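Shared chain: chain A. Partners: chain B in the first complex, chain C in the second.
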Partner chain A sequence: MPNTKRRRLFVRGAAATLAATLGATALAACGSSDEDSAESGPVSLTYWTWTPGMDKVVDLWNKGEGKKDQITVTVKKQASGDTLVTKILTAHKAGKAPDLVQAEYQALPTLVSNDALADIGKNVGDAKSKFADGVWQQTTLGTDAVYAVPQDIGPMMFYYRADLFEKYGLTVPTTWEQFAATARALKEKAPDTDLTTFSANDSGLFAGLAQQAGAKWWTTSGDKWNVGINDAATKKVADFWGGLVKEGAIDNQPMYTPAWNKALNTGKQIAWVSAVWAPGTLTTAAPDTKGKWAMAPLPQWSADENVTGSWGGSSTAVTTDSEHKDAAARFAAWLNTDGDALNALAKESGIYPASTSAQLSGAFTTPPDYFSNQADFYTTAAKIAKTTAPSAWGPNVNVAYTTFKDAFGAAAKDKSDFSAALDKMQADTVADMKKQGFEVSE
Partner chain B sequence: MSSLAVQKASSATGTQGTARRRPPLRGRIALVPTIALLLGAVYCLLPVAWVVIASTKSGSELFSTFTFLPGSGFTDNVHDLNAYRDGIYWRWMANSGLYAVLGALLSTAVSAFSGYALATYRFRGRESLFNVLLAGVLMPPIILAIPQYLLMAKADLTDSYWAVLLPQILSPYGVYLARIYAAAAVPSDVVEAGRMDGASEWRIFTRVALPMMVPGMVTVFLFQFVAIWNNFLLPYIMLSDDEKFPITLGLFTLLEQGANTPALYTLVITGAFLAVIPLVALFLVIQRFWSLDLLSGAVKS
Partner chain C sequence: MTTAHRRRSYGVKGAPYAFLLPATLLFALFFALPIGYALWLSFRKVHVSGLGLGSGARREVWAGLGNYTAAFTDSELLDGALRVLGYGCIVVPVMLGLALLLALMLDADKVRLAPFTRLAIFLPYAIPGVVAALLWGFLYLPDVSPFYFVLEKLGLPQPDLLDGGPLYLALSNIAVWGGTGFNMIVIYTSLQAIPAEVYEAAKLDGATPTQIALRIKIPMVAPSLVLTFFFSIIATLQVFNEPTTLKPLTNSVSTTWSPLMKVYRDAFGTGDLYQAAAEAVIIAFATLVLSFGFLRAANRRNKQDASHEGAR
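Presenting the complex of A and B:
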């Protein structure tokens, strides 16, 4: 394809150094917000979010900070997930996207490459200093621009049934090698019991595990994208889990099913690789085992490492359709950095804040109800959150995720080769990017 | 539910000719068809039974007790559903009712007008118009949702009740059915007789033809009602304000609350169960209109 249309954004995003010289022209493409900085008079903003209780948090703004400046925000509650990204892009096509949207980190490149998100770098003040570098970097996509303010994060952790580990004489694994040994040891002692399962129905889990291993699925060099979904780090992760499934050391049934809930609730599965939000899930999935679980850092690939991946998390972004980008950006910054706002978010919505100062204050001084036995739950969580590896999202994460579900779902079911599934994920993702008109280096 | 309507409708139109068959042999049941029908019934009713039983289970019983063992939490579930965001569930239910009743009525009216016109009048382009409509029947409404959104956005009507109502008023299938039905049920002799007596075309339609078309129009109404009640994608694309959501969309937001919030399974299941009740009630009430057509023949031969 000699005449491939280049997508403006990512070419710009790639060439951060080039942008120093060419930046002015490139950045102008993305609705600069200079012109409306001196606005006055009442401003009314709409905000699409799926966070429960967000209306109550926004009330704090409408009655306090926002009232002074006559900026009123209206929450329009949405369902989360990839479908919301499609909805935002459809609305954007008609020029009718709301002023503010909630977006998962991995959705940001898709939104930005469709020119749906505004650069709010000038309006968010010193917000950068409130977040860990690895988190902030996800909202800049490695450019000089800022496309969103981080809201919540999902650092990954290892959850296990403390009582059953003791009963079976198992120790908490600190490396993946020990993890495999633990799984095998458990199989010997209790053949009906599994340490955990490999589930392909939430791609975020695998992406997080690959991220921990140092994978960089999407990177850019010059004008081109490199897709490294089947890079060495991810292969290592895929082969590790594929091997465990094949030898029968762990289960291969998907999670979030009634059967999975039952397995957790009855002690048929005694551990879960998950993220900081797991207490909420466990509360509904395994209500009878409350107080019997404990949390530990994720096992590492080598004993001297200390990194984790992230699974989930979202940010607040301002759309290019907004007529009041300044006001919207100020609200986004307030929502995710102001102490009162973050306290309310934790209380009303149960989110785990991206802001580092909020991770140890307010609601996070006591452990979650389900983990009342582990007093230092949130202190440990905050320490783990600091070790989050940087992530590298690209413009078609949804395609990679869908292929993952299909290919790995089938591979887990048949106990077949995981690296073949990984190669398929790579091939499909690259093919889709080329089809969309991105330049991809081979 | 809608398959019921088809069976009813087809038997309604087909009975006159085949009514006088030999009486079936006594004491013998056709085994294979009976088993096939029973299997079909089980296949259709099992999920319904599941919803009914699951809605009685409390959060802790839902995944831990035997699937078809009723639980003890039904009143609590309804109570929680009532309490969820100040009873927004009932608002969704009312919205669904509004979209479905008004949308189905308007759609039935449009179908009746156009079906009658296509069946009774001869005009240039009639067949090509009808063929376009037939093509419309083959077009799944889902692929039209996004173009319709872009059109509505041009008219500044997105995120309004009209955005959901307007696209559903014209139902190609409804027009198709109305034409077929009008052609079969309204004899041209009757229309001619009306003209001879000096009645206006409007009067002939409303006083003579329409009463004959009632059973067919009931079918169209039910089809549209169920289609609108169950519609998901169109309101999903059109609406952003959850005060205007229909029940399908509302339940979806309860299910997809983001990773860090557990899905409200018990609320969704109870909500789904309660949302089926109006549909069942509607079918039970309206069913009797179908049998009317056997008695309402106009031209006695």
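Presenting the complex of A and C:
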């Protein structure tokens, strides 16, 4: 911003601009762990995570399991999402990445492609059996290696104001066609009210919807990557939402703004396509409507289908820079498969576990406070989680996600052709891969 | 100079260098080295072989001018520069015009509550930019803004301030609100430094307050105006906080709205440090050329004016 920078001398300003690109390098030097290289004896591990309350869960390990083997884990709280990926990569360049990192599933190929994640296949024991196949497959990238242990998942669901659906005489849509009809019907009955909004500020939502439709954005054949971001399935999703925005059946403003909170809280928007973590968001966004919402499976593309996509979710990975990969892998497996650890994760951090057995035990036997009216919330959620479609992430998801925000943001604003925005997303992603030297076929 | 003197100065010959050392060291470590590294990075790129999975699949290689040609052929950078130009065309004249006007008004003979007014106008400058942008952002959002509430009650039209042309006004407003006070203080201080005799002479000659302001005050604070203009240009070229803070509130601000935002996106969004480094070098160079070009032009005019005065 102009005013604070005005005080600076010009040269400093320019240097700061340049230094901004180097800032992450400096972070690498501060944020890493220094360990003794002794293989036996006490081991101390550093863990980068953004999960709130993780320090309390790690305490369980440090005082129990870890104490026996003299493995101490220290949590270093991080910012979530894309920025952490960049930070890990920069730290890795300096050879100073922490032993353990939290990584979203779609970031795993990027991290593996930068050789930042170690193969922990032989250290995680029978962890595979604890997870749904579709979830586990994301941590292997379709290879024989295992690059992470799944922690939480975000199966997508449909949330709606049960009271207002009744008031307006709407039925819960089970197909996307019905969803569109519901949106139009609502517009007729209450022109100031929207069923929902198409938001372009979270790419994960669109990726999840495409995944449900059967899209495979990145696949490999031999030594070549195939990029299918504008494949038929994704086109169908883009055109569907683009059509609704264009005809004005739904809103086009972004989520997570004060205006959006208000719309949810006052019944100006009466539904939200979201994931299992929605109760947490709704608690802060729409506190006045507690107990008035209900959750249902995501609408389907055809009536005989039953699949969902995922939005969010993350895993615990061990870096190649770690000097104690075995110990780190054992901790990663414990954290995400041990009953006590998972209970603590649910209680302290409010995550929805990837481990199938944990999805129906402990904290998940009663519905979340916000949904106290829906007693079977977590039983339904566990059923929906089983229907998650397989995902197909590639080595530059960050580029695709960034392009999505700009291209779809502009298209939503102008109510213009969504499939043109999708083509732009495909073109930019392919161009970036080619620039990096990947062999790409479209 | 005596011999005794010369001998003594010989003993401290190294002193200037010793005094220079800390500054030189700091300059080398924290300015020259990062700039050099950024330059180096801007000529590099990553090269992937095969699927790019596993160790050794990724190497850093020489890119030549590739990152630079990419930056110049990418319309986003140029578009961003144009957007910032449009934004600057609103911010700089409005902010400096207001600052000058307010400074002149505060400097007028009979002003009541001057210290309070000065502080009130300066106060927004003390508010961190991100906070100011958030504050205004909330005021621009129709659903939560009290302004829109009032407009609606009065039955007046409610413009969408976060879209199209009004977006520029909305962004400029934040900068003007935050920056006017600072510039006003700079101009006001130099107004205060004008000797009272000058005004006395003007009054004796029968000059009105307006004439004094236009013919005496403004020409005499011209150096301050040049300085504030210079700072404002640099600040405008570096605009980042306001659009970045408003971005989540609207679809109209892209991640590459301003050139610096594009640098940030390439470095931290898409993870291409090399491309970001090349763009940072280009922006730094453009800033250098523009701001020093302006300073030289301003200096030349001053000299010309001075020689005219002399000729007269």
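Definition applied: the second predicted complex is superposed on the first by the 402 of 442 C-alpha atoms of A that agree within 3 Å, B and C clash if a C-alpha of one lies under 4 Å from a C-alpha of the other, contacts with A are read in each partner's own complex, and residues count from 1 in each chain.
As a working rule, a residue touches a chain if its C-beta (ideal position, glycine included) is under 8 Å from a C-beta of that chain, and two chains touch if they have at least 3 such contacts.
Not measured: the values here are computed from a predicted model.
Participant: Should A:Thr83 be classified as contacting the first partner (chain B), the second (chain C), both, or neither?
Facilitator: Touch status of A:Thr83: both partners.
Participant: Let me test your reading of the model: by the given contact rule, A:Trp50 touches which partner, first (chain B), second (chain C), both or neither?
Facilitator: A:Trp50: touches chain B, not chain C.
Participant: Give one of first, second, both or neither to describe whether A:Thr365 is in contact with chain B, with chain C, with both, or with none.
Facilitator: A:Thr365: touches no partner chain.
Participant: Give one of first, second, both or neither to describe whether A:Ser349 is in contact with chain B, with chain C, with both, or with none.
Facilitator: first
Participant: So, does A:Ser302 touch the first partner chain B, the second partner chain C, both, or neither?
Facilitator: neither
Participant: Considering only the touch criterion stated at the top, classify A:Lys262 as touching first (chain B), second (chain C), both, or neither.
Facilitator: Both chain B and chain C are touched by A:Lys262.
Participant: Quick one: is A:Asn252 in contact with chain B, with chain C, with both, or with neither? Answer first, second, both or neither.
Facilitator: Touch partner of A:Asn252: chain C, not chain B.
Participant: Please determine whether it is chain B or chain C that touches the greater number of chain A residues.
Facilitator: Answer, by number of touched residues of chain A: C.
Participant: So which bits of chain A does chain B touch that chain C touches too?
Facilitator: Touching chain B in the first complex and chain C in the second, residues 83, 258, 262 of chain A appear in both lists.
Participant: Across the complex, what residues on chain A touch chain B?
Facilitator: Those residues of chain A that touch chain B are 46, 48, 50-52, 76-81, 83, 87, 90-91, 93-96, 98, 152, 154, 204, 258, 261-262, 265-266, 275-277, 280-281, 283-285, 287-288, 311-312, 314, 349-352.
Participant: For chain B, which residues are in contact with chain A within the complex?
Facilitator: Interface residues on the chain B side: 59-60, 62-64, 146, 149-150, 153-154, 158, 236-237, 240-242, 249, 252-253, 255-263, 265.
Participant: In the complex, go through chain C and note every residue touching chain A.
Facilitator: 30-31, 34-35, 37-38, 41, 45-58, 70, 91, 125, 128-130, 132-133, 138, 141-144, 163, 174-175, 178-179, 182, 231-232, 234-236, 238-242, 248-252, 254-256, 260, 263-265, 267-273, 276-277, 280-281, 283-284, 287-288, 291-292
Participant: Which of the residues in chain A end up touching chain C in this complex?
Facilitator: 1-6, 8, 10-15, 17-22, 24, 82-83, 85-86, 89, 109-110, 112-115, 141, 143, 200-201, 220, 223-225, 252-254, 256-259, 262-263, 268, 320, 395-396, 398-399, 402, 405-406, 409-410, 412-413, 432, 435-439
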